[in-house]
Structure formats: C-alpha cells, structure tokens
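In what follows, a structure is listed as structure tokens, so that the remarks can point back to it.
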C-alpha cells in the first residue's frame, strides 16, 4: 500500500458562455481508495462528481460565464496495487477472452490496429505470447520513438506515430495499444497522475488484458508504473480528455503534481520484475 | 406494430481450428420484441446467446473445427417503433446532454469527426439545429456519394469517403456520423436487417441523439427506416461486425432476408414525415 | 509593361557546416526581364546563379560555416504580361495537349489529383470547360478555405486541406492544382514575389494550361495577378522551396518585399477581366 | 553486351472515342541500342514515337474509335551495361550533387520521403554511406514486404506500404525510393521489360544516384538487374504509366515478354557483386 497526493490546477480565461467537462479526479475502486479529496471552483459553481460508464471514470460538468475560471483539485489516494509474476502471465486465446474485454480488440480513432496486422506479426509474431511479449512491445516502442513535444497533435494516430517516429506519452500509448490489438491482445488507454514524471503533467499509459486481468504498462519509461494513479480509462485518448469544453475559453495556466506521502514506492520502471494491476 | 421475419445463413469452409463470434441476432428491448427465434449450427456446437455491453448486443461465440460450418438464424420480430414529429425535435446543448451519450461525440476509428469540424460547420452550420439538420446531413451524404460496392474496404473511414465520394451503406453511415459528431450531435452506428433492401444483405445505418432519445437515419435511402431491425449498436462498424473469426475460414455463401409479415409497413424513406426511434 | 522592385533578406544562425540552396531570384524570360539584380552574401562566398531544368528556375548553391549568414537579394524586374480575353480561352482535349505539358496532369506529392476525380467532377463537371472553369475552381477554393497560418505544415497536401478547410497560400494553390489535374487540365505551382501582399512574404500561386499557354491564377486573392514576379515553377511546392539546407542552421529573420516602381499596375484580383500569362 | 527481345501486346475493347498514350517502347541511349522495332496498331492509326522530356521516354499518342484496338510492340535491344565495383561507389554530399539530379530528392506522390526522415535515419543512419547502403535498403524492403498482388492499388504510396507490409513491384520501388530520398540520396522510378520475370509482366524498379551516375536496383529480387530494359524514367510510377487513356476502353488482354537472344546474361540478383548502370 502506498499513499499518493495528487493535485491539479487549471486556470481558464473564459470569453463566452462555455460548457466544461473535467475528468481529473481519480477513479475509486478496491485498488485505489480516495481517502480525501477536494475540488474548488472559483467562481463557485454547483457541480457533482458523476461516475460514467462501466469503467468508473468520474467527471464534473458545468457551464461557466465569461471571466477567469480556476479549477483546483487535490486528493490523497491509497494505492493497493496487485503484483504478479510476469513470466507466469499468459495471453488468452481469442475464444477464452471474457466478453467484456472484446471491445478493446477493436480499432479506435487513434489506435488503427486494423492497419497494422502484418506489421505486428512481423515484429512480434515470433515472440512467446504472454506478459513478456507486451513488455517487448513497450521496449520496441520506447526504442523506436523519440519523445519530442510539439511533433504530434490531437489528430495524430498510431500509424502516423509509427511513420514519423516521434511523439509524447499519449502517442507512445496509442502505438503500443494498436500493436497489442493487432496481435489479438485487448488493450486500452489510461490517463492518470504519475509520481516522478518530469516535467509534471497528466500522464497517459495503457493496460493490456493478460491472464485474467488488466496490467499497467508505460512505453515512455518516464515514470514508475507503481506510482500511477488512474483517472480515466477508455479505448484511446479520445475517451479520457482531462478537459472538454464547448464555447470559448483559453487554458492560461496548468499545474499538475503527484507526490508519494509514504516511503514504500521504490521507483520502478517498466523493465522491472513485477506486473502491476489496479483494476 | 409490425411483424418482421428475419433470416440469415452463413456457410464457411473452415480449414483450421477457428474461433467464431457472431452478432446476427436482433436486440431485444421494449421496441423490438423477439416472438420466436432459432439458430442452427451445423455441425452442432454448444453455444449460448450472451448480451454484452450496455447496448443489448447479443452474440454467440464458439470454436469450430476444420470442415464446413453452417450458421442459420431465423426470428420473428415485433417492431413497435415510436414516431415523433420531426420539426419538434431539437438538438441539445452540450451541457444538457445526458452523461451516457457523451462517448458518441468522440471520434472513432471510422468516424474521424475531429478532422471535420470546419467542414461540418461550413456545410451545415447555417442550418437550424434539430432533427431536420440531421436529415439535411443525410440528404447531403446521399447526394454527395455514389453507391459503388468494391470501392471501399475494411480500412475505409469517413474522411476517405468524403474525398473519394463513393462507398456502401457502412460508409454512408460513417460519414453521416462523423459530420453529426463534428456538430456536437451524438451519433452511433447500427447494424441490422432491413425490409426492402436490394440486394438483400445486412444493412448499416445510424442513430443521432436528439431531444431525449435516439432516432434512426439511413443516408443510403435504400430501405425504409420503419422496416429496420436492430442487431448491433456501437461507435462505428468496428463494434458491430456480424462475424468475427480468428483462425482460418472462408465465407462461401451468405443469405440474408427481412420480410414483413403484416401489412402495416408502408415503405417510407428518410425523406418522409416521421422521426422513428426504437431504443 | 510594369517595373517591379523585389527584395529579400534572409538571416541564418549556422551552427554546423551547412549546404545551402536558394531559389529566390526571379526567372528571366521574354515576359520577365531582369534589368538589374544584386545578391549579397555575408560572409562572402563564391557562388553563381545556375539555371536548372527546362523551366528557367535560377538557383545558387554554396556551403556555409558556423556563424551568422546573411543573404540579401534585390532586383528590378520588367514585367511584360500577356493578357487574353477569358471567355475565349478554351480547355484542350487530352489528345490535343502538347507533350511537354502532360507531366502536369500527374499527381504529385502535395497535389493528389488521383484521389479527387469524382470530387472534381461532382463540383465542376457541369461547368463549361475553359478559363472560366478554372476561375470557378479558384473561387470555390477561396470560399471553401479559411486563411489560417499555422494550421498546415510541410507535410500538408491537397486532400488534407480539402478536409480541414484551412491553409495558407501554398495550400490554396495545391488544392486548386489538384482539382484542375483531376479534370484533365494541366496545372503547376509557381512561387514568386507579389506586389501588394500583406503581410509581405514569398507567395505561392499556380498556372493552368489553357488554349496554347499557361495562365496565372491565385486562389487566395491576396494579391493582384498582374503584380506577380515568377521565381520558381514546378509540380508543387516541393520543387520550389526558396531555401533548402542540409546541416544545421536556423532562419532568424526574413524580409521580403515587392514594390511597383511605375504606375501602370492597377491592382487587379483574380476575379477581374483579364487572363494573364508570363511564360 | 547482350541482346534482348522484348514484346508486348495489349488488346482493348473501346466503347467510346478514346485518347491513348502508350509508353511501352524502350529508351534509346548509348547503353541501350534498339536494333530493330516494330509497332502494329490494329486498326491502323497514324502515329509517331515522340521522345518527351529530358529522360528519353518515348511515347505514342493517338485517338481511337469504338471497337477492338490491338497494340503490338516488338523490339530487339542491345544492352551495354556499365558495371562498377559496389564497395567503391560512394554517396555524394548534398553540396556535391549535380543540379540536374536535385529534383529526385524531392518527395513525390508515391514516395513521401518528407514523412520518413527519422524512420530512414533510424534504420539506415548507422550504415556507411555508399552503394552498399542502398543495397541494404533494398534488402530491408525485400525482407519487410510480402509480394501480394491485389493488396495495393493506384493510390498506394510508400507510407501505406511501410505500414501494411505488402505490395507489388511498384510498391517495393516506391518504398525504396522514399527511403533513399529521406537519406539525401537521389532516387527515381524506372519501368521496363525484365528477362526472367515470373509471371511475365511490365516491371518496376528504381535507380539511385551514387558516385557520378545512376545505378539500377530492384528490391523485389524477382528478376536479374542485368536483364532489365528501360522503358520510362520518372519521379515515381505516376510518370511512367505504360498506358494512359481518357475515354472508355477496357484492357481485355495483355501479354509481355523479354527473352535474351544471346547467352551472356548470367541471371544475377541484386545481391550480386556488380553495380549496373544503363544511363
């Protein structure tokens, strides 16, 4: 068990009536317990956290008027990750996959797995199926790409990334997800807070379904997997935007942080010896 | 209320052990009552219909061995469509949309709405919001595209379709969905059986969320909206394949039909006076 | 006849030995006479203008060492445009096109005319062939696109532009060229200096082959066609970069200007009554 | 010196007046001497071979009326290839490249080298520059792709091929060309007749500019480089279509062959010890 304090603050200049949706609060489940949380809207708006979908994503929605809007969130999260032994975690045959994970085999906007079938088989088809193959995909993505902010944008998908060989965390995740799905391994996108991320920011990583559960992976290796606090889960980044707004507002300032409050997180990269699951 | 008999028969030549998933049985809900259904697998396999997700899609899954596989489905479906008056059906402001329809605003693999924001605003931004605007989108798609089987494939998305100006029913639906989402109208893909479709086949159409419910649209105008029996619902065609198979099998024969058993279906195109909802 | 003074100044910070190629000097031909020109390199390098290809493009090439590099060009150009009467200018049948213009029917990197055959026929197929049809294409491009610097980059092609509906001068030209070629009208890209362009910059426009010669068009309408001084001609912008460099250098400052020295240029947009040719 | 007999026969069903352009006759230059050639049009049309552009491509153009059209070409070509020693052939610095080869560094419709800069550097940047690096590119393309007719079409470019990992000869050439250009090696497409090609067909390969001349490469390894008779040269396949037609005609039959008449062609693959040049 570890204790992590997460914080985010977003300041907008709102120039016309605008509808906001925020997805910045961590999910609450048996592996991720929110001891305390506080969200402050300034000016104050009536709001309520709502849990949407079957994945536990928690959103707040409200309409804002012109002027400055400040959204501050702070929470203390108790993380009880499950750890399994990588070499013992197997892939499933298609026929053995639970019904509910099947949608995560489908191609999505930013993970065009349907186009990468031969590519994935050529690069990874010879490897033994299992957790270690997904780790090999992460290693390959890590080595193939260069982390260069500004080289991709909201329209960039896995195929673009594969060609241009640069991206940021969401692009690393999208490419790894697309390759997994192309190999018939269910995979999905996770947004979150990450201890140790430099510079501090919201993070994007992914999960693959192996054995009988979802395991966390981060192809960027920029933060330890065991310091990740899940916010949103979805097919790709389209499902987990931290902020969606319809109207006219400019993000003027953003501050994100994740600090461990206890000492039991030994920073650990994806290359480490454990398979971590939090759902 | 109308009564429709739907049938499908798929014959595969299976050349290696193969996992099958079929999504050919209609959804059952208060608007679509399945009076009777029968599925025959030859050779016989143990199977069960399972309702997956929150959309009621019903699938059967099983593994097949080399040899011929014949899947025959037949059902009698009682369709109780709700009909509303188009000019009275309004679009929702983003802030008023129910949480559960929000995912259908996100871009998906075949409906890259994120790329079509200005395009949609330029073509449809001047029209009054509401059911009639979605119908205008359908009319535009219908007039823009030429229905040419063979010009698109499983990798073709709405942007491709918009450029090449040809496609089949799934492409018409994808383009219309992408344009709706780009205008902030939730939209999703529906596969189904359609009375009057020539040549008979599985059909693909779409739904837009307007007022407080989902309404059916078919930009192909190839079959009356009131003779559509819903099979699968999803973000786009990736979620509603009638057959998914992992292994080695070739579809050798396919027969699909939908016949009205009663007389109360007056064939009616999308240009008609009613707004039809079945969910 | 009109007299135009063109100037450009480029200042680079060179951080490693770098090979430079500049294409900033106007073409010299019977319609465009260079009365005087001066290029200053600081530090001084040996160089020579070379006329490459069959289109008269004039380049200088040299290698530069680390430090600041300043390239200043100034010329006085006598422009003797030919003017024809638009309604009398006809398109050619494919079989009547001269051999040497045929390559300008082929798709090129940024003008993917092969993908836009139906699109072009649908929008412009009903119009009478001739100069006025090309003007209609320009008008359509002008009305379809919004001029937004920063929304496109060096990888953006005509199909991207058509979907996203924004671009800068090179994107306007690429889209118009692609549509012309799709209609079997030879078209090519021209870079140049333009009197009256705001803000002053190098400009990109295009030519279509009609009747027995090439006519100038500018779908941006940002500068009068009769104040255009041709620099480079090619299949698309890939052939006419004003600067190509291999090494490491950053453009730190750029100044471009084009001033008429006489009074006989009445600023005239593409919508005006004349068809202008300078080759 | 070797002697090769090339033949092609194309039979069209013409259903409306149609303009034809054929580029099926080999180029004549000091390395490729046409001893004798005969073209037969049935029905007979007035025609003349014309040499277009600076590359020697020879075309015939004519207009055909409804009915059957048969085009038969036969020639005996004396091939005097130059052979150099691969390890001694170097790449050029950008600043040393002759002006006339510079256009073959530009991206073209089917060779989007501008998108593959990092990809090429990552795969081939560590190899010593020179002929052997281009051969390494060919080997890589050969191993990466699977030759599967029908998986690509006239709109498929190098980036598509790189993702989907299949193609035919033109796709192999396009990908290799794009990778060369991305590494600043001028490269261009060549269509031709090839001795030993199975099944017999027109072939597509490519040339890279190394040292002071153009060398032939064939990433498909389907035919010996020393049995290639050049027909058309261009930036990519867009410039070298063997037949272009505007109107309405269907290719009903096509026969192509290339036979050595002498014994001195020892079939030799790209992996062999010689560098072959024919221009």
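Each chain carries a letter (A, B, C and D) given by its place in the written order, and its residues are counted from 1.
One rule holds for everything that comes next: a contact is a pair of C-beta atoms (placed from the backbone, for glycine too) under 8 Å apart; a residue touches a chain by one contact, two chains touch by 3 or more.
Please read these numbers as outputs of a predicted model, since none were measured by experiment.
S.K.: Among the other chains, which touch subunit A and subunit B together?
M.R.: none
S.K.: Please report the minimal path length, in steps, between subunit A and subunit C on the chain touch graph.
M.R.: Contact-graph shortest path, subunit A to subunit C, evaluates to 2.
S.K.: Using mean C-alpha positions as chain centres, tell me how far subunit C is from subunit D in Å, no decimals.
M.R.: Here subunit C and subunit D have centroids separated by 30 Å.
S.K.: If you average the CA atoms of subunit B and of subunit C, how far apart do the two points sit, in angstrom?
M.R.: Roughly 47 Å separates the two chain centres.
S.K.: Round to the nearest whole Å and give the separation of the Cα centres of subunit B and subunit D.
M.R.: Roughly 45 Å, centre to centre.
S.K.: Find every residue in subunit A that makes contact with two or more other chains and list them.
M.R.: 115
S.K.: If you go through all the chains, which pairs of them touch?
M.R.: Every touching chain pair, ordered by label, is A-B, A-D, B-C, C-D.
S.K.: Within the complex, which stretch of subunit A touches subunit D?
M.R.: Residue list for subunit A touching subunit D: 115-116, 118-119, 122, 144, 146, 159, 162-166.
S.K.: Across the complex, what residues on subunit A touch subunit B?
M.R.: Touch list, subunit A to subunit B: 19, 21, 50, 52-54, 59, 61-63, 93-95, 99-100, 102-103, 106-109, 111-112, 114-115, 154-155, 184, 235, 238-239, 246.
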